[in-house]
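Structures for review follow.
One chain, chain A, links the two complexes that follow: it is found with chain B in the first and with chain C in the second.
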Partner chain A sequence: MSKFQFPESIRSRPVYGTLEPRPGKAHLMIADAEGAEALLDLAAQDASIFRAAHIIYIPKATGETYVDRLKALEPAQFYVGPTYEASVQRIRRVLSDAHMGLQVYLTGTEGLMGQAQNEAMTAGIPHSAIQTEHRGSVARRMQCVHCKGITEDVMTDPFVCSHCGLNLFVRDHYSRRLAAFQGVRVDAEDPGNVPEPVELYK
Partner chain B sequence: MTIQFNEETFRDDYSFRNSDWAIKRFPFPFHEDSYMYSVNMEQHRGGPEGSVYEKRFDVDEHYVSEMRDRAIVLADDPLRCQSLPHMTLAGWDTLELIMVSKSEDYPDLFELHRDGNRWRWINKPMGIDHTFTFLDETTLPCGPLEYITRQAQGDYAVLDQRNDMLYMDAGMITTQADWSLDFDIGMDFFEWHAPVPLAHEMGIFKRALKFLLNIQQGAPARRLNWTMTVNPLLDTSPENYHKWGVQKTTLTPENIGSKQHLRVELQTFYRLPRSNALLFPIRCYLIAFQDIVSIPKWGRRLHRVIRDLPEELATYKGFIDNRPMMLDYLSQYDDGLPTSPGVWPDLDTEPPLQK
Partner chain C sequence: MSAAPQKAKAGAEKIEVEVSAIVPLNDLVTRFEFTRRDGLPFPPFSAGAHTVVEMNDDGRTRLNPYSLMSDPADSSKYAISVRRDDEGRGGSLFMHRKVKVGDAMTITYPVNLFPLDLRGRKHVFLAGGIGITPFMAMIAHLERMGGAWELHYACRSEALGTYVDELTSRHPNKVHVYYDDKKQAIALEDLLDGQPLGTHVYVCGPQGMIQWVHKTAAAHGWPDENVHSEEFLAPQPGKPFEVRLCKSDIVIQVGEHESLLEAIERCGVEAPFLCRGGACGQCETDVVEADGEFIHRDHWLDDDEHASGKKIMPCVSRFVGKTLVLDR
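Presenting the complex of A and B:
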């Protein structure tokens, strides 16, 4: 099972729901990795919405595991991309064409949902109208508050900023605009005293 | 009175000092011998003559040096001043409010001459004499919010109001108590306060939001907030925390009186006329422990407040590790005598230290 129940946290930390089919003229579904399972569950509830669906899927480490099953849902458009970055121009293009009645479904890792939600918000869709469901890795997309660099797929606390090399602790404070959590130097008050990294939520 | 502007720094050699005048008018934040969160709002309609509450935007002896420090911060990190695209009008509202207030409240320092939209602004302490067209950005060297807040002490958050909510959509933030505008911009009121412990559970933010949403034009409000800072460092930003955090470990029993500072924010709230945004100036005042204890009532009270503060608050405010040393120092100035109610120094009526 790829679902993880995040413990209750502070008010800026996103909370995710469970995707449900909603009436709409078009359905944009953006997923990565195990997010495919949420789309399959969605289809089990109402396969008909996929006739007007555009699936943008980034398999990441799951490779071919889900690709054929998603294809079998017969979405109107189906795109498999190697990375989120590679797909983002396509996402922007699709959103720029969006009309009233578009439903947006985001599922998979927090980094994928956060970034895609940001694109949808930029296109004028309020974040509260966008459905999200977390599946798969609990890795986080982190911004270093010092150098501003983003480190993707952070699995431990603390971690090393992939840009400036500082040891950062993982906060729950989250910026929708940056689609990232905040990382702050862990040994600022005692340089060199870096705690042993612990896997997130272990 | 004519203000003598100090030549001083808030970094490196830390030559910042408060004169006797500045010490006596310091906005001491504790009205009793203990502290807990509260909404603690009151109308911002002046205050005792000479106090920091008297004018709409207080100007003091640190003005010129604080503005120099802000320019250094902005040169290092332009992201400290940002404005989302829909906030430009609120920037002009802010410029107007500050220029009008300062020229009326300090006519010997600031002048504003308006001929329709053709405005001439004179800032004597900073040597500025500039004519521009109100609401025409091309006539200013930068955006209106940045332009005027490079000339006004304190941080400025500009909050957009929609859907019965406030959003942090613009700001000039260079003297902050460890929060990042660049990270928080665009957040709603509850989101940007998310890291604050206890206060959410106490319903503080819900009540505060309700109050703020209802602030009307011409009826500004104010409150105080406080924290602790080692060295008179204005820029205690998270951006630079990897550089200044280590300064907290430099306190010793010998230097604590001069190095440890109480940091007080005079927060005010103004409804802006055209944009309906809420301007939230956060003015930072710093005072060394050795200057606080020169006021007997404040010395007694600060000791009691710091001693009895809940651990979560001392942790959140970042001085839990230094609290024992602070208490060793402050206890010398607490003789156990009762203190008079209210924040004022009451030098004429409170007894001198009895030990």
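Presenting the complex of A and C:
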């Protein structure tokens, strides 16, 4: 099962919903890994929207698991990319060519949804009009508040910043602009006193 | 909707003004310009704001909201354009017939319930009749900052096309006028199609037009956040009814031609308000007890709140029945 119920947290923490078909002239769907399941569920509600859909899919570790099933939805355009970074040029191009009446559906990991939401907002869509549904890994995209470097796919708390090497505590404090949670040095007062890393939500 | 912030005093702060010019524009619409009696500059306002004009009509106080249509950058004067409504409650007739240049009047500080969303990439204005007024200020603002906009303006006829000449001569490529008597109509669906991402649409006009725009835009996949509207409701007459105000401990009568809010004020009870047109939420009042039927007419409370019988907007809504007790 790819669904995970996040515990209630501070207001800053993003809350995700369940994708639903909405009227629109075009439908942009961006998903990674198990996010494909949310698109398949969306198609079960209304397969007709896929006639005007552009799917941008990044399988990550799921490989070919979902690719054929997504293709079978017969979207107007279907792109499979190796990483989010490799897909971002395409996402920007699609958004710059888009018009009002575009519906945006984001699903998969928090890092994917946050970054793609950022692109859609930059293109002029209010964040509240962008649909999201979390599926798959609960790994987080973290920003080190000290060196500002971003560490992707963080699975433990605390973790080591991939840029400056500090031991960082995983906070729920989120930046929509950076599409990242904030990581704060865990042993600032007592250097070297770092708690044993625990897997997130375990 | 969430509760509006409550202010200590009823209404916005007031400004003492003098009528500096009265400019008839056509058979129905006249512009009134105000300067400050104390000689100070007017407070700056954001395009889309309105002011409530206080009228002393033979001892009866009328308070009507009008959109400020002068250039927001001009702090030397405020201007409103008033359409005469011969069937209305008399506020616009008072402005047209009784107000003279040099008269002293009182207006409120501007309040904006219809602001531009300046994050917008492009602004599409849809005006019906006198609904043109807020767009006059918005256009002045966007022209100054180089914002992208276009106006689609539906009027009854050329003779009643308020500001059409001024707008089309200044902005020939951005202003599109449609005359009812020539069977011209805004091609809304075509207009919504193909607008760039980040476009906002604003509509001011009759209720039917506002609903048409909201409905059509939603069906075309436009987010609600990108569709803005303003409609001031005038209170409608209705059967007189009796209300008990439990905090003030008085029983008041609401006449056929006055609103509940006006009756409350007439009886000396200070009640909060801003727009007096069912839009801003300031006058929201708790119902303590009711045996009868509410006639809700506001845009503020949602359907559930209307059905609950627990709240009323006294500026535009009425009551028919035996008992009504309000927490005021």
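Miscellaneous remarks
The rule is short, and it goes like this: the second predicted complex is superposed on the first by the 202 of 202 C-alpha atoms of A that agree within 3 Å, B and C clash if a C-alpha of one lies under 4 Å from a C-alpha of the other, contacts with A are read in each partner's own complex, and residues count from 1 in each chain.
Here is the rule we use: contacts are C-beta pairs under 8 Å (C-beta built on N, C-alpha and C of every residue); 3 or more make two chains touch, one makes a residue touch a chain.
Computed from a predicted model, the values in this text were never measured in an experiment.
Once chain A is used to superpose the two complexes, chain B occupies space next to chain C without a clash. Of the two partner chains placed by the overlay, neither chain B nor chain C lies in contact with A:83.
In the superposed model, A:45 lies in contact with neither chain B nor chain C.
Vectors from the Cα centre of chain A to those of chain B and chain C enclose 60° in the overlay, to the nearest 10.
Using the contact criterion defined above for the overlaid structures, shared-chain residue A:65 touches neither chain B nor chain C, since it reaches no partner.
Once chain A of one complex is fitted onto chain A of the other, the partner contacts of A:101 are limited to chain C, with no touch recorded for chain B. Once the two structures are overlaid, the count of chain A residues touched is higher for B than for its counterpart among chain B and chain C. Once chain A of one complex is fitted onto chain A of the other, the partner contacts of A:188 are limited to chain B, with no touch recorded for chain C. In the superposed model, A:171 lies in contact with chain B only, and not with chain C. After superposing the two complexes on their shared chain, the closest approach between C-alpha atoms of chain B and chain C is 5 Å. Across the complex, chain A is touched by residues 119-121, 192-199, 218-226 of chain C.
Chain contact summary for the complex, chain A toward chain C: residues 22-25, 95, 98-103, 123-126, 128-129. Looking at the complex, you find that chain B touches chain A at residues 79, 180, 182-187, 190-195, 200, 238-242, 245-246, 248-249, 321.
Of all residues in chain A, those touching chain B in their complex are 10-13, 143, 145-146, 148, 166, 171-173, 175-178, 182, 184-185, 188-191.
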